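Both of the next two complexes hold chain A, though its partner changes from chain B to chain C.
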Partner chain A sequence: MRKLFETGNAAITEGAVAAGCNLFAGYPITPATEIAENMSRRLPQTGGFYVQAEDETASLHICIGGALGGLKAMTATSGPGYVLFADPYGWAIGSEIPLVIVNSQRVGPISGITGAPGQGEFYLSRYPTHGGNFETIVLAPNSVQEAFSMTVEAFYLAERFRTPVTLLADQLVTDGWASLSLPENETELNEMGLKVVPRSIHPGPIFYPPTDEIDVPPVVLGQNTGGACSDWTPTEEGYDTEDIEDQMKHANRLIGKILSHRDLIDRHESIYMDDDPEIVLVSYGSPSRVIGSAVKRAREAGMSVGCIRLKSLWPFQDKLFERRAVYLAVELNVDGQLVREVARASRGEVHFLGKCGELPRVSELIEAVDCLCDGCELKSKKWETVVW
Partner chain B sequence: MTRKEILISGFGGQGIVTAGRILGHASTLQGLSAAMLVSHGTETRGGYVRSQVVISEEAIDSPIVEKPNIFCAMSQAAYNRFFGISRNGVILYDPDLVKRIGPPSPTYLAIHAGAAARELGIPMSANMVMLGAILRTLGMISDECMKDAIAAISPRFTELNLMAFEAGYRT
Partner chain C sequence: MDSLSTRYLRAKKIPSTACGGCGLGQVHKKILMAMDELALGVGDVVWGSGIGCAGRQTFNTWKGDNFAGTHGRVYAIATGLRLALPEDKKIIITSGDGDAFGIGLSHLLHCARRNVDITVIVADNLGYQSTGGQYGYTTPLGFVSDSSPYGAIEQNWIQNGIDILDVLRAGGATFLARHSSLEGYDAVKSVKAAIKNVGFSLIHFIYPCVSHFGPVSLKTRDIDRIFHWFKGIFEAGGVFGENFKSGIFHDAGNSRPEFASSLRSQRAEVEAGHLR
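Now for the complex of A and B:
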């Protein structure tokens, strides 16, 4: 195991290389530029390809092209680039093309502030394209070490589910530095609980089976009986169709393959949840780091509090919120996104604490928990937040 | 509770981030956990820069420095902004850059980092002098790990940086 002190961006690069990524196409944007820089150095060393695209739309189209040529492809961006993926993202979902998309969220809307963290793309990562009739897979790391491991897992899920997977990080995760352990071979990688699925090639002729099955190899153009992989609805054999019955079969497959195998996707971390705490803090990404500290201190002060940290965001893990409790969603936005899903999935009382561009402080969170323990409402004036 | 919070702040070009990287790398080599958040203005030189470093024997939850055990001020603006949260810690400052210091409640240590580095003929290494002073105050990390980290992060100027580091450690 190599011990380094590195950024999340460097960890994502090494995760991609460990997962066998051999194509990166991207366009620079803070705070994800370093991923492109690192990839341009690392991929030529491992026999892969680095392509500097003219914009984000082209980046993802190049990744699609590479994946259809049998490569394991990745691109990386921030919110302003992620939104430009809308068109090719849908193509990759519809034609079932495995690839990995990294989004290091910064504060928005639009260009916002480059060096400040945000969590504005929670819903965008669920609905990254038009048309509906699909589910997405989204993972969310909260540390440099997880930036590495979840990149490997994103490639793993992309191959098995034959779909694009978004790694939804944020500026503090990718720009932040931390101690990082890197495996030096596949045995060490496996010891970390990580697996690599090599690219396989579908022999044809049924490229799009009308079932929920996963582990169906993707189409590699020129290597089989000729799936078209165009952006139109495909028949089972991969030809364009205008038949509504084919459309229904395909839509059900896109949704069913993900929902019926969600045990492979669902990931979360519970802290102090064993004794049914009255108050449960919910978060993902870098705010969860501060929450970890806050919950420990609140417990020491005798408060009945625990926390749930989502490591996979979509499909949303409704079952985690079945217990009756007072939930407090903590996010890096002030419009409240995660909180809406918690409110939908839970049967309890739901509150929201949002910060825009910076992490909440431990003391601020403890004060909020203390207030909820006393049955008080969080007041926007007091908390510099919006109560949802 | 072994968690130690170190805040280093000044302006762009002083090596604030490099100092934090070396401290984090050395901690990692020592077998400790380290985390660092860097914030800066959009300018590359002359703008505001801050490195927040957390070192701990346990896994680190919050990477934010809220009450620094050590605050290293490399500009008046940095001092003015952060001395308030540093009242319970040790404040290291360069008297050539921080001319006005506030209430005597925290412990102040004047480190003539710029002057010492100029004296050695390596004015760019004032950050290494400060790093020496930080380590002297912090403990936790062996001399050997610190030297290995300096060599790893600045391979071209290892010798010179080690000289500056030792000068800071001796102050």
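Now for the complex of A and C:
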């Protein structure tokens, strides 16, 4: 095991290499540029290809083309590029093409501030394309080490579910420096609880089975299997169809394969949740790191408080919010995104603490929890707040 | 189905659902004739297609492996696929004028610049015909369409001294030709040369649309008259001007490094420790 002091961006690069990624196509964008730079150095060393695309639409389409030829592909971007994926993302979902998409979120909307963290693409990662009739898989790291491990896991899930997987990070996770343990071989990787699924090739002719099964090999072109892959609704053999029954079967498969295997996807971390605290802070990504400290101090001060940190965002883990409690969603936007899902999933009282372009301070969080303990509404002028 | 169709195409998709009298089948046939003469088998080619008449009617007609891209993006997809396939595997793309010269032009031009080894057949019916007949990037100036009821006023890509093939040549394309579906063996020869070029090749193939362009823009449903008009585009007094000719436009075949092979060569240097 190698011990390094590295950025999240470097950790993502090494995670991709460890997972067997052999194609990266991307367009430079702060704060994800460093991933592209690292990949341009690493992939030629490990038998892969680096392509600098003409725009993000091309980035993901080049990844799709490579994946269709049997390569394990990844791209990395930030919000302004992620939104340009709408077209290819939908195609990769519909045609069941495995690949990995990294989004290091920065504050927005639009170009926003390049060097400030944001969490504005929570819902965009659930609905990254038009047309409906699909589910997405989204993982969210909160540390440099997790940036590594979750990249490996993203490739693992992409292959098994035959779908694009988004790693939804943020500027602080990817730009931040921390210690990083890197496995030096597959045994060490497995010891970390991580697995690599090699690309398999569908032999045909039923490329799109009308079932919920996973571990179905993807279409790989150039093998003379008669593989067919298009942006149109496919028949089971990949022909374009206008038959509504085929459409229904396809939609059911895209949703069913993900929802029937939640055990492989769902991930969370519970902090001080064993004693069923009255107040539960909910977060993901970099704010969760501050929350850990805040919850510890609040408990020392006698407050009944715990924390749920989501490590997988989509499909949303409704079951985590079944217990009646006062929930406080903490996120890096002031319009409230995560909080809406918590409100939908929970039966308790739900509050929101949003920050715009910077992390909440421990003191702010403790003040908010204290306020909720007293049963009063969050009214501090230091942060935008709404009672949901 | 004739012998070429039986050998190369899928019975489920041929005949296609193209309109009776459409010239697309003749473009399709010329590609098959070229493949036959080059002795290419079903396993030697991966066939890609775009959106619109040309894309939808050719998708998955090939007996081997097929893909169809989102509108205008098939060139970027082919760029990625090129890296994954062995160098002797051909990628042939059939797309339309809107796909190549409109929505996908940026990706197309970047393929030319990178010299990606693909053969793009732009099957051009002079406008957006599958959506009902709107003007496009090759609709003659002044012509009426369903979205230019007073005549097309926007400069197109192939008239008044402007030529999309000039743009592609300047962008680095290594083989360019222009034909109509009504031509004979000369067009097949161009397709053969295009496929043999290990680099970016494009053939601009103009073909008659008898369902929209004929009735709306040429004001006739008479197939003979429509075909006669299309035959005349390369002749004296043709609508696109004197310099609009059929034939090979630019042949710099195998003169520039190909994209995927350049990346492979550099990778070999890195792996050998020559580049650090």
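Going forward, the second predicted complex is superposed on the first by the 379 of 388 C-alpha atoms of A that agree within 3 Å, B and C clash if a C-alpha of one lies under 4 Å from a C-alpha of the other, contacts with A are read in each partner's own complex, and residues count from 1 in each chain.
Heads up, the rule we're going with is that a contact is a pair of C-beta atoms (placed from the backbone, for glycine too) under 8 Å apart; a residue touches a chain by one contact, two chains touch by 3 or more.
Values in this document were obtained by computation on a predicted structure and should not be read as measured data.
By the touch criterion stated above, A:49 is placed in contact with chain C alone, chain B being left untouched. Once chain A of one complex is fitted onto chain A of the other, the partner contacts of A:178 are limited to chain B, with no touch recorded for chain C. In the superposed model, A:130 lies in contact with neither chain B nor chain C. One of chain B and chain C touches more residues of chain A, and that partner is C.
In the superposed model, A:223 makes contact with chain C only, not with chain B.
Once the two complexes are overlaid on the shared chain, A:66 sits against chain C while remaining clear of chain B. In the superposition on chain A, A:231 makes contact with chain C only, not with chain B. Considering their complex, residues 3-5, 114-115, 144, 172, 175-180, 286, 289-290, 292-294, 296, 359, 361-363 of chain A touch chain B. On chain C, the positions that touch chain A within their shared complex are 12-13, 42-43, 46, 49, 51, 56, 59-60, 63-70, 73, 76-86, 89, 106-107, 110, 263, 266-267, 270-271, 275. Within the complex, the chain B residues that touch chain A are 20-21, 24-25, 27-29, 32-40, 42, 60-64, 66.
Looking at the complex, you find that chain A touches chain C at residues 23, 25, 44-45, 47-49, 51, 53-55, 57-58, 61-71, 73, 87-88, 90-91, 221-232, 238-240.
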